[in-house]
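First up is the structure itself, then whatever we jot down about it.
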Amino acid sequence: MIPHMDLPVITETPPNIDWWLLAPLATVFAAGVLGVLFEAFVPKGRRRGIQIGLAVLALLAAFVLLVLQVGSLPADESGVTVAAGVLAVDRTVIFFQGTITVLALVSLLLISERRDGRDAFAAQAATVPGSEEERAHIMAGSQHTEVYPLVLFAVLGMLMFPASNDFLTMFIALEVMSLPLYLLCGLARRRRLFSQEAAVKYFLLGAFSSAFFLFGAAMVYGYAGSVNFGEIRLAVEAGGAEIFRGGDGEPLLLMGIGLVAIGLLFKVGAVPFHNWKPDVYQGAPTPITALMASCTLVAAFGALLRVFFVPFGGSAESWQPMLWVVAVLTMVVAAVIAVTQRDVKRLLAYSSVVHAGFVLTAVVAGSTDGLAGAMFYLAAYGFTTLGAFAVVTLVRTRDGGQELGDLDRWAGLGRRSPALAGALALFLLAFAGIPLTSGFIGKFAVFEAAVAAGATPLVVVGVLSSAVTAFFYVRIIVVMFFRDPEGEGPTVVRAGAATGGVIVIGVAATLLLGLYPGPVLDHLLPSSEAGSEPVAVMVDQASTETGAK
Amino acid sequence: MDPMNYIVLAALLFTIGAVGVLLRRNAIIVFMCVELMLNACNLAFVAFARMHGDIEGQVIAFFVMVVAAAEVVVGLAIIMQIFRTRRSASLDDANLLKY
Amino acid sequence: MAVTSHAYLAADPAVATAADSAVLSGAWLLIALPLAGAAILLLGGRHTDKWGHWLATALPVASFAWALLVLFDLLGRAPDARGVSVPVYQWFSVGGFEAGVDLLVDPLSISFVLLITFVGSLIHVYSVGYMAEDPGRRRFFAYLNLFVAAMLVLVLADNFVLLFLGWEGVGLASYLLIGFWQYKPSAAVAAKKAFLINRVGDMGLLIAIMIMFSALGAVSFSDVFAAVPGASDGVLLAIGLLLLLGACGKSAQLPLQAWLLDAMEGPTPVSALIHAATMVTAGVYLIVRAGPVFEGAPVAQTAVTVVGAATMLAGGIIASAKDDIKKSLAGSTMSQIGMMVLAAGLGPVGYVAAIAHLVTHGFFKAGLFLGAGSVMHAMNDGVNMRRYGGLARVMPVTFATFGLGYLAIIGFPLLSGWWTKESIISAAFGVGGTEGMVLGTAVIAGAGLTAFYMSRMVFMTFLGGKRWDEGVHPHESPVSMTAPMVVLAIGSVALGAFLTLGDRFAGFLAPATGAHPHHFDVAHAFTSPYGLAALGVMVVGVAAAWAVYLRKPVATTAPKGNLVTVAASRELYGNEINEGLLMRPGQALTGALLLIEDKVIDGAVNGLGAGVLDSSKGLGRAQTGFARTYALTMLFGAVVVAATLAVRL
Amino acid sequence: MIPWLTIAIALPAVGAALVWALPRTAAKASPARAARTAEAGGAAEAPAGGGGVATAVRPATTAAGGGSAETAKRITLGFSIATLLVVAAMALRFDTSRAASLQFEEVHPWIQRFGVHYAVGVDGIALVLILMSAVLVPLVVLAAWNEHDDRFDGGRGYFALILVLEAMMIGVFAATDVFLFYVFFEAMLIPVYFMIGRYGRGDGRSAAAVKFLLYSLAGGLVMLVSVIGVYVIGGSFLWTDLVGEGSALAAVDPATARWLFLGFFIAFAIKAPMWPVHTWLPSAAGASRPGTAVLLVGVLDKVGTYGMMRYCLELFPAAVSWFVWPVVGLSLVSIIYGAILAIGQNDMMRLVAYTSVSHFGFITLGIFALTAQGQAGAALYMVNHGFATGALFLIVGFLVARRGSSLISDYGGVQRVAPKLAGVFLVTGLAGLALPGLAPFVSEFLVFVGVYAFHPAPAVVAAVGVVLAALYILWMYQRTMNGPTKEGLTGLRDLSARETWAVAPLLALILVLGLYPQPVLDVINPAVERTVGIGSGTADAAADGGSEGASGTQEEEGDAE
């Protein structure tokens, strides 16, 4: 029977909302709203400091709350749903949210970094590039402190995305996450034309894809009679809502899966839904690129894993072939294209596409180990990629102006500033999956899951493509260390405390997760003791009332 | 009549929107096509809600409208910005970033 | 019968213990002494320049002395107890494969030891004078000592692996000594050539050892020979032929003869010791030592005799045409060793004859070489006999000694060569049948050739008119050089008789080489038809040489000559054949492989890389920068997704 | 009990950290100076820089080296010697009677989730290989002493990398956990990659480094699949759990076993290097400093052959028989092909590299002959080859240090001016052509005997390599050392004391192991018997009756003793 029929009753006894479990999201949300208010009421001069403080505090608080929540989760069952079943809270979700919060904090360091009083963002985005008033604004040293509230909202969306327990919430989370990012992409201080173009492309394609997602959600709703993941799971097992008991609902479900998949694969940037990534990564202000490359990817995969494992978990054999094809395409095509890239940010964009492909192999595995592998991979990759982008922000053209994207002009960096180049080299080796770095453990985790699930051919493709990727990572090292600097070579602006901190954190995480991943793997990640089916560790209550304790 | 027809209509609208995105150069119109796709989704939700005989789908439609509105705000801002810079709203003019 | 003839080899040899006799258990000193000399001189460096050569000379002498003690010790035993194996230490062993550093002291090996150490010592003495001015004298003596040590290992080894060690050791020593004047490119090339061709032979020996182990299950003489009766003919034949290949390499037998004449680039003492008296005879030793195997493989034996006969004649022909005195002697060496190999191929009958001739040849050939060396010394290192002549008066001692050696080698009755050559001839005919006839005749022909070219050499060098280059003032050599020549001359005269009369040597060797029916009868040697024939051809040979080279003056430059003489002087085109058959194809192959490596194997990899790059550029094109194209690709993606999902329907 | 292996691994690692931690005086060089040294360095890197180079290098080094470079070398030498002492002390405690079983075992859980342990231990083969590595490193350091023409850190980084590499080399031989082995196996590439690309010789060095890395990485990644497969099937990474009848891995069906075997084998074949995946070696050797080449060819490549014995054979006995003949075939090609190409080379470094291709052919041949002699010979060959080829590379290095070129055509008549150097060169060369009395002979001979017992044909074909070896060594020697002395070489220095000390120990080892190898064999044999047990059955299948019967009896006798 369908619980919604007696909706009026609920209005009399309002659903019990567990604020404690909602607290992290609420904190970030509140901070965002507060930030907007500050924009309105705090005088220009003081805004920046306050905004940064607010954002950092909010994220820290959120993280602490998340850590505390782990304790308060019922030990026996995998987790609970809150707010009338729209959000799920289980250990997987908390891991994703925790990772996102930390990564967001780190990238916030990058965002807040500024050199001789100028951060990475346009003085006044509304002004036309090269125009008089732009110059005036620059002179006046005006700046967009709205960046911080926007980041907070984006993070809010990211935190909701993997936690949503129905398609509507997920759609909203998707938009809450994306809309601020669309704007942030357009705010670069230098090369603003690139930045604006990136924003437009990201926005239109993003909207396009979310339309697909939504239509898919509609189809699923049509098939299952509900958008709640738990309900859908039951419906899939039952063969559809009772109007389809004839069993002719299958096409709807498949359409739904497909369209929803498109929306999510776009966000993770899987081939052939990846085109936006290189352009946007290159055009956006590097700190924002870092944010997207780390946090957004984690969030998007969190959602993707949830969708494929919980509501569609019952019909794995129907979507697995699709993911096989996409994964192969992603790993091969992106790796091959990347080989000839010249711009470091585009290169990193393609590399993130390839890594998305590797994670997809774990999704294909469709097992708890796969889930765990993907989670570890994403966390490890997030830190490494943040570090890499941090290094990118430091390498500038001779005139000290904009970042130097062209790799060929990085020659001799390794001899000029060994520490920086060494750090980048470490990150690249981690991307390439060399042992003793986190990248290797991650690769091993996902591939192990895939092989265990019988997807060995996929893994073979994976290792071959990672051999290809190794080629261009190694090429950067060659340029930095083995070539003599042409002329004066690039300048390296002194790393501010923030950027330096980011790099140090990146190095530390990369090495630590590579040398001693045990604690994370054993304690933070779901283990297959609970059951080889991922749903065993992901909450999937059908009833909307279980949020009540 | 068979409520399934509404679904077909929704699919039709969705397709028209998608094709529009592919064919039109003007950013504004492309964006409107996306809105059309969203509305197709709404129609589908409502129709299904009717078929299932509950109101969940209809509620969703309202949420979607709100989101769409928010999207319009952000979208127009971005498009305006690039329009002012380039004095053109044509998507094809904006291709500095490639290869 | 092979086994019975090698009675003590088949039975486990009496293992010498210290209690048994200190002399025997100390047999390793024979090797250790010269080896120590080499080590001291090489590691000691300049410090040893003063006294190094005297030390190096003293050590072989010491070895010789010890060898004498060993000899008497053996003589003091019952003939069948004269084969004593002296284990020193275990070299290496793996799962049933045993290779020990074990020495086998028996009549055969000890005769070689005596020859090597005695002649070796003399040559050391000679070299003291000969190399007096050479800056590298210390190195030279070190190499000589090294050679003596290696050669002793070769003959004393109790298993084929250790024998192989000595086998390649002498090869190395010969390489070093041929190339002693390495700054002369010709010397360097000759040295390399010698080592390479020897390596081909060594490969044969190596494979033979492999077969022994896997088919006969052992590599020590006694075990191998014990296993011979049970072994299949095929195995024995294979081993025999491969051993023959090894022997050919070391003893410069056809088809591996090409290196010996070039080896004359080395200092003359080297030619005397290594390329006349000792090393080149190792092949004969190997064949005799491995007698049981060959007796088990008649075909292999025939092959041996054929090779021997062919080389004997070829060597003689070459020797007859060379104007370079040392090369001519080298040809003669080939020829004589061919004779020994032939004899060794006859089985037990020939063994003693072969070894006896080997020993006497060691003396007179060494003497001849030393004589040649002293002549060259006198002629400012000129080697062209057409620039010699009439040296008899100037260098009486050299002439006398050389002459005695000459008479000995051409088989002048009652001199050393005569006895041993006669016994070979008789052994050859002793085989009987056509084979006997053919081989015997061949040997006699060879004797004739010997008479011819040796007389030619003597006439051109010592007799006739002076044809010296201007500025050459010949003189007799110092005592340190003449003394050894005298000693060797004495040997050339007397040794043959001493060994042969009363079958002394035969009796001594019998337990090692197998009892043999043949008894040497002097009278018979003079009366028997082949005895007379041998004398006849000798006379003819001398006469012919006299007619050409003494009766009318010798041209100072070689005449064009006819096909035969040209071919002979070109060493019967041996080098050309090697070049055409091996070198050029080899170079072509190398070039081809270099190309393949670059174009095919590396090319494949690089091609792969290029392919990736191209496809990368191609796929990169899809990134047009047009948002609408991206939307299109997404739609294409949607189609892919739909298709892959539709699989389910 | 003392964790010997861990100490041996940790010691060099600590040393490396120390060397890196040194204050860098080099970077502080004034720009003008840097520029000047830049030219000097550039000149030095040109391959045929000519005699002038040797002198041109000096100012560069003095400019950059600074005090720290000198101390760096001292520290490096000290730590490498200390490591050698530790390893030697361990070897003395090694119980030869139980050489077949692992000793000095340490097992600590590392990543529980994947059942990964930090597990080390050595059997006879691993022990001798570790010893070899520990011996080579100090000598390499000594030989590379004056090779720091690097103007940015005075070669300090180079010596640090050497120590890092040593730690990993010991680790890879000691690892008894497949995952740990893989970690070292892959991680080792990085230091070598930098040693070639950053501190190498010539313009081609970065290309060569990339080629090396990609080749090895590709192989390693293929192997990763097999490693995972082993874990998924075998349920553990501990070598001790995986081998033997009872293990889940032994029960796997032959088809799967073959795939897993192949995965491992490809990686090892690339590392070894085996024809046709050998082409990275000549370019890498040609572009690397002699010291690097020693460690690369002398030790790193051994990991390939060692892996074949330890992992391919013992983990997948079911698959072995299927691979025997293909591998034997490839080995033969490697032997002949490598030798012929060596003959055709004009660059000594490349020449020696090709000779190694040929020698590795012998090693793999011996391994897959699956007879006691063959495998013992192969194991011994690994050690001997390390010493012999190592010495050869070092001496070529001395020539390069003098003349700035490794081209044979740039030399001639060296013996006249530098007899000591020429003599040492000759002896090592003779070792290279396996002259009896020198170490390589014993191993090569054992391989021959073992292979013939397995089947005559390959043994006979391989025997041709003996002749070719003589040709490539002696011809190189003739062209460089013999003949009239080339002009420009007349001033050539003979071996310095330092250089003598760098090669003398190797020569001594070559001689001793050539005349009395039994002690080493006593350590190796029992370990080998394990794998022979695997092989013999398949050998029966492969080899024909006659020779097989003999070898069979031989093995029994061997066991009896």
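A, B, C and D are the chain letters, set down in written order, and residue numbers restart from 1 in every chain.
Throughout what follows, contacts are C-beta pairs under 8 Å (C-beta built on N, C-alpha and C of every residue); 3 or more make two chains touch, one makes a residue touch a chain.
Going by UniProt, the chains are A = NADH-quinone oxidoreductase subunit N; B = NADH-quinone oxidoreductase subunit K; D = NADH-quinone oxidoreductase subunit M.
Just so it is clear, the model here is predicted, and its values are computed rather than measured.
Enquirer: Between B-C and A-D, name the chain pair that shares the greater number of C-beta pairs in contact.
Expert: Most C-beta pairs in contact, of the two: A-D.
Enquirer: Could you put a whole-Å number on the gap between the CA centroids of subunit B and subunit C?
Expert: So the centroids are 97 Å from each other.
Enquirer: For subunit B and subunit D, what's the span in angstrom between their mean Cα positions?
Expert: That gives a centre separation of 65 Å.
Enquirer: On a C-alpha centroid basis, what's the spacing between subunit A and subunit D, in Å?
Expert: Their C-alpha centroids are separated by 45 Å.
Enquirer: With centres defined as the mean C-alpha position, give me the subunit A-subunit B separation in Å.
Expert: Using C-alpha averages as centres, the distance is 24 Å.
Enquirer: Please list all residues of subunit A that touch 2 or more other chains.
Expert: Counting only residues that touch two or more other chains, subunit A contributes 200-201, 204, 208, 212, 278-279, 471.
Enquirer: I need the residues of subunit B touching at least two other chains; which ones are they?
Expert: Where subunit B meets two or more other chains at a single residue, that happens at 18, 21, 30, 91, 94-98.
Enquirer: Tell me, which pairs of chains are in touch?
Expert: Chain pairs that touch: A-B, A-C, A-D, B-C, C-D.
Enquirer: Give every residue of subunit A touching subunit C within the complex, in rising order.
Expert: Touch list, subunit A to subunit C: 200-201, 204-205, 208-209, 212, 250-251, 254, 257-259, 261-262, 265-266, 271-273, 275-276, 278-279, 317-319, 321-322, 324-326, 329, 333, 336-341, 468, 471.
Enquirer: Which positions of subunit C touch subunit B when the two form their complex?
Expert: Subunit C reaches subunit B through residues 620-621, 623-628, 631-632, 635.
Enquirer: What does subunit C use to touch subunit D in their complex?
Expert: Within the complex, subunit C touches subunit D at residues 42, 89-97, 139, 161, 164-165, 167-169, 172, 175, 179, 182-185, 188-189, 192, 195-196, 199-200, 202-203, 206-207, 209-211, 213-215, 217, 589-591, 593-594, 597, 601-602, 605.
Enquirer: Sort out for me which residues of subunit B touch subunit A in the complex.
Expert: Listed in rising order, the residues of subunit B that touch subunit A are 7, 10, 14, 17-18, 21, 27, 30-31, 34, 37-38, 40-41, 44-45, 47-49, 51-52, 54-57, 60, 63-64, 67, 70-71, 74-75, 77-79, 81-82, 84-86, 91, 94-98.
Enquirer: Going by the contact rule set out above, which residues of subunit B touch subunit C in the complex?
Expert: 18, 21-23, 25, 30, 91-92, 94-99
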